[in-house]
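Shared between the two complexes below is chain A, which pairs with chain B and chain C, respectively.
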Partner chain A sequence: MSKTSTINANEITIIQKKNLYLLLTVVVIVGLIMLAGYITEYSHVEGIMSIPAAMSWMASNMWFSQSTLSNLGSVMRLLWETILISIVSTTTAAVFAVVFALLGSKLTYINKPLMYAAKIVASISRNIPVVAWALILVISFGTNSMTGFLALFFGSFGFLVRAFLETIDEGSEDSVEALKATGATYWHTIFKAVLPDSMPQMFSWILFMIETNIRSATLVGLLTGTGIGYLFDLYYKQLNYEMVSLITLAIVLAVLVIEAISNIIRREIL
Partner chain B sequence: MTAVVEHNKNGGIKVSKPNRGQRVLKGLLIGSAIFTVIGFFLMDYTGLDLTHAIPMTIDNLGQMFLSPSLNNTTWPSALWQVAITLSLAFLATILGAVISLFLAFGTAVNLSKPWISNTIKAFITVVRAVPTVLWVLIFAIAAGLGAVAAVIGMIFHSIAYLVKAYSEAFEEVDQGKIEALRATGSSYPHILFQVVVPQTKSFLISWTFLRFEINFGVAVAMGAAAGAGGIGYELFMASTFYYDMQEVGAITLIILVVAIILELIANRLKMAA
Partner chain C sequence: MAVDSKVKEVTETRTDFNNKEAEEVLISFDEDLEITGDEVEIATKEELKEMPVIMSIENLNKEYSKGKSVLKDVNFEIKQGELLSIIGPSGAGKSTLLRSINRMIEPTSGKITFDKQNITNVKGRDLRNMRTNIGMIFQHYNLVDRLSVFENVMHGTLGYKNSLQGIFSLYTESEKEEAIDIITELGIEDHIYKRCDELSGGQKQRVGIARALVQKPKIILCDEPIASLDPSSSRVIMEHLRKICSEKGITVIVNLHQVDVAKNYSDRIIGLNSGEIVFNGHPTEINKEVIQAVYGTDFDDLIME
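For the complex of A and B:
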């Protein structure tokens, strides 16, 4: 009899402890939310109120007048430019990223100092936000596609190196070992094992990066005065909200189409 | 009967035949290479003078990283701005995470009905297609430029990202455990909070922190592009108003240090998950 009661007592203390931890976590998180709210002067009430307001704004600006629709041509032209920059910067960055990932991977590194150098360069390029790249480059390169291209290039490059590194490290360990055992040279292992093994996954990352870059390109365009982001900014500041929603809709459609194409490609190659 | 042996271009015996996926991939790689080369010619280079731009960039980068200094602001104020940006990112992440948790219960196919799951997925795909900066600016029309628009705008993308991550983690939960609880007559909330969440806790934490890391970068961007304040706004002012490369350098370095610390913590959490 006494045995069962001690077990019950233990169970109760375990549950009490668990509840105490949960309570503490919730208290800490709520405290942090309040602190963050105080620092940023963020008001939760206003935040919730803004959602229906923005929704009704969107609904009321969805009906385009004739004059708005006549601008569709220039929207499409700049949208195309933005898509072009996103794709070209991603593919160019991917070429460099493959080299750096091969240098940085623990399976394929040439020597240790080079491995750390590759990782550090990638980390710096990735952790400087795209906005910072855009603001730095626009000063010397001016407002043209090259600025957007380079800003996206640096951002994508760092991210792709990290993604490719993980792909190589996870996917090709067995085949590299097998090839090394047969006495294959370094280049053999790279071209016969590592790259064929990780290429589909890498291409999938490239597709992901293109999708991300189209959204980032809008941001970069806003800051550097290029592409669709510039057009958005222009009409936004003129308070021409019909154009604003037309441009938003165009971007959404472009991203959805590209996502759909990516998914079809992924199904084929993975 | 002669054995059929295929030879490759060099006369050696062909040992493998590419399958459909490999051929498609090869085509895609060649296609994207060609597109990239053509793309370079299609871009708009108006006003670009490389002979001028490249040395200037190198000179700017040199000033930024070799002699960074805060000229128009002080260290305490710069660090306060970092705190603002971190807070914006934190608010968007944690509020987004709470909403995502409930949406993910509806999205995970093993916990929900197909039509609910598909509806949420479709909603999320559309939400994700709108760039964060446009969400923020759209909310700014309703709420005015500032922290409110920035946080609400960033929440939308955080939700899109976290629901996908959470629901995939939930789908990995051992179906047997869920059935065992169902067999005992447990209620739906019981199953969620006694099995599903505890089982996936470390994944949830690691994904949420990863989003926090991303949101820091986004919050910097929103400061620069959407008037959300914080260190991003300082960066924007230093580069477009003061043209002060030393200050741009100092701010970039501060952002870089914070971002690298966040990345290291995120990696640590990911390893533990």
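For the complex of A and C:
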């Protein structure tokens, strides 16, 4: 075969360059880990070595007995309350989030100032962590379920607006164009193209948010004195580790069950 | 024997459809012959001259950003009941031109007259009215994938409805019957309850055509209707468009990449290059010089699909 190309194979250095970058990245990351450990006087070796001891402590102190198990009723009641608060706050947030997402999407916005306003509100609500929301709200609302609900509401709202907005922008452009071309009104395009196109994805995000919120609800409850988090905090401070482990286990199981259920729902709708 | 010679004739005139897959195409042609059996008949130059004008486009300009013109002073007339193809290389402004006609894209300047009405600046109810008279089909079909074929076709009536009627799907019986007729005509009646994402490309495009026809339009705009389809589906779609034009008298304007398809099915061809009309004439007038002007390359260098 005659050589037709004028490019010399060993002149192409792009692969060597990529490899060099990869090597450099690894070196930098390892260097940062060493540096961070040196500054904080944390030894990774010691950290890993202490794991077996911690494990055996947990096994001896957190293995709950029959008598602890009799408290399961009150744990389940508060866990149920926590799950309900998560679901209510997420679904309420979702309703508001749909409206804000429609106002903020470049496909469905009504006017520019309103679009930016919607985006800014969502961004503020999203960028304040849910723990911060709980701390802020507990000052004004006191320690009750309402505070827990509102903290989760604001956290979910911001995230859902963002998720819905991207769902709308990605999924509906073509069908909105087609409907506009038939002479459809703004509301037609929303109800006949945007919502049918994005509903399943939106439900999927809502389910994801409910899962996340059950996890956060524990932490929020700890701060606002409600739900399962409050119970956790109570026994933890009493050094009743058996109850703590029972509560933890209950939360983990609840989250796993909810996740399994939402996976089934997701499979059905997507 | 009769069928044999017919097949030969068609393959001879249409080998250009896709040389590489000649056999595959031949099979699909066979099938199609049974269904339609029609020869493509296009209007002669004389007939074209006598057709009344339905739309005229004068001095149309479009700039997306200052100083970068996509359309430069475009002037042409559209005759009632013709099939007009617009050909040109990618980025020539074919899509922009098509979308300017129903004001999905606002032209920077110029005048568009449709049915003796100046539609360049119509707004609100008038704009919607104008759009109901102009159907549109798309390269990527632009259907609502999660809805059924029937629901998608019914979307064509939305232009005639107010917001509430549309949202609650208050379609009249006669509208539904018409939709079913159109769906049957296009041969997708077996899929009427199916969700659109279960359909093949060719079937999706026929749903798109049905949606446009339900609008009872005077003009149908087609933006690269066969660019995402295989040769045999492409042929079915082009044949349907030709039929709509010849039998229903609806004006069809098609953006096309394939010169030979344009030559085969159109009454008239407009060649667009860098936003300017470089050719406007009968398909028989397409020759090497025209191709050179439109595409900037020789005819032989074009891949014939």
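Just so we're on the same page, the second predicted complex is superposed on the first by the 222 of 270 C-alpha atoms of A that agree within 3 Å, B and C clash if a C-alpha of one lies under 4 Å from a C-alpha of the other, contacts with A are read in each partner's own complex, and residues count from 1 in each chain.
Here is the rule we go by: contacts are C-beta pairs under 8 Å (C-beta built on N, C-alpha and C of every residue); 3 or more make two chains touch, one makes a residue touch a chain.
These numbers come from a predicted model, not from an experiment.
> Which partner, once the models are overlaid, touches more of chain A's residues, chain C or chain B?
Of chain B and chain C, more residues of chain A lie in contact with B.
> Once the structures are superposed on A, label A:T218 by its partner contacts, choosing first (chain B), second (chain C), both or neither.
After superposing on A, A:T218 lies in contact with chain B but is clear of chain C.
> Determine, under the contact definition given at the top, whether A:R266 touches first (chain B), second (chain C), both, or neither.
After superposing on A, A:R266 lies clear of both chain B and chain C.
> Once the structures are superposed on A, label A:G183 by its partner contacts, choosing first (chain B), second (chain C), both or neither.
second
> Quick one: is A:F141 in contact with chain B, with chain C, with both, or with neither? Answer first, second, both or neither.
First partner only.
> Which partner does A:V131 contact after superposing on A: first (chain B), second (chain C), both, neither?
first
> Pick one for A:S175: touches chain B only (first), chain C only (second), both, or neither.
The second partner, chain C, only.
> Looking at A:D197 after the superposition, I want to know if it touches chain B, chain C, both of them or none. Which is it: first, second, both, neither?
Once the two structures are laid over each other on A, A:D197 reaches chain C alone.
> Show which residues of chain A both chain B and chain C reach, each in its own complex.
Looking at chain A, the two contact sets intersect at 196, 199-200.
> State the interface residues of chain A toward chain C in the complex, per the touch definition above.
Per the stated touch rule, the residues are 174-175, 177-188, 191-193, 196-197, 199-200.
> Inside the complex, what are the residues of chain C that reach chain A?
102, 104, 127-132, 134-136, 138, 140-147, 155-156, 158-163, 166-167, 208, 211-212, 215, 221
> Please output the residues of chain A touching chain B within their complex, sorted ascending.
29, 32-33, 35-37, 39-43, 46-47, 49-51, 53-54, 57-58, 81, 84-85, 87-88, 91-92, 123-124, 126-132, 135-146, 149, 196, 199-200, 203, 206, 215-216, 218-219, 222-223, 226, 229, 232, 236, 241, 244, 248, 251-252, 255-256, 259, 265, 268-270
> Under the definition above, what is the set of chain B residues touching chain A in their complex?
Within the complex, chain B touches chain A at residues 20-22, 24-25, 28-29, 32-33, 35-36, 39-40, 42-49, 52-54, 56-57, 60-61, 64, 83-84, 86-88, 90-91, 94-95, 125-126, 128-134, 137-139, 141-143, 146-149, 151-152, 217, 220-221, 224-225, 229-230, 232, 235-236, 239-240, 243, 245, 248, 251-252, 255-256, 259-260, 263.
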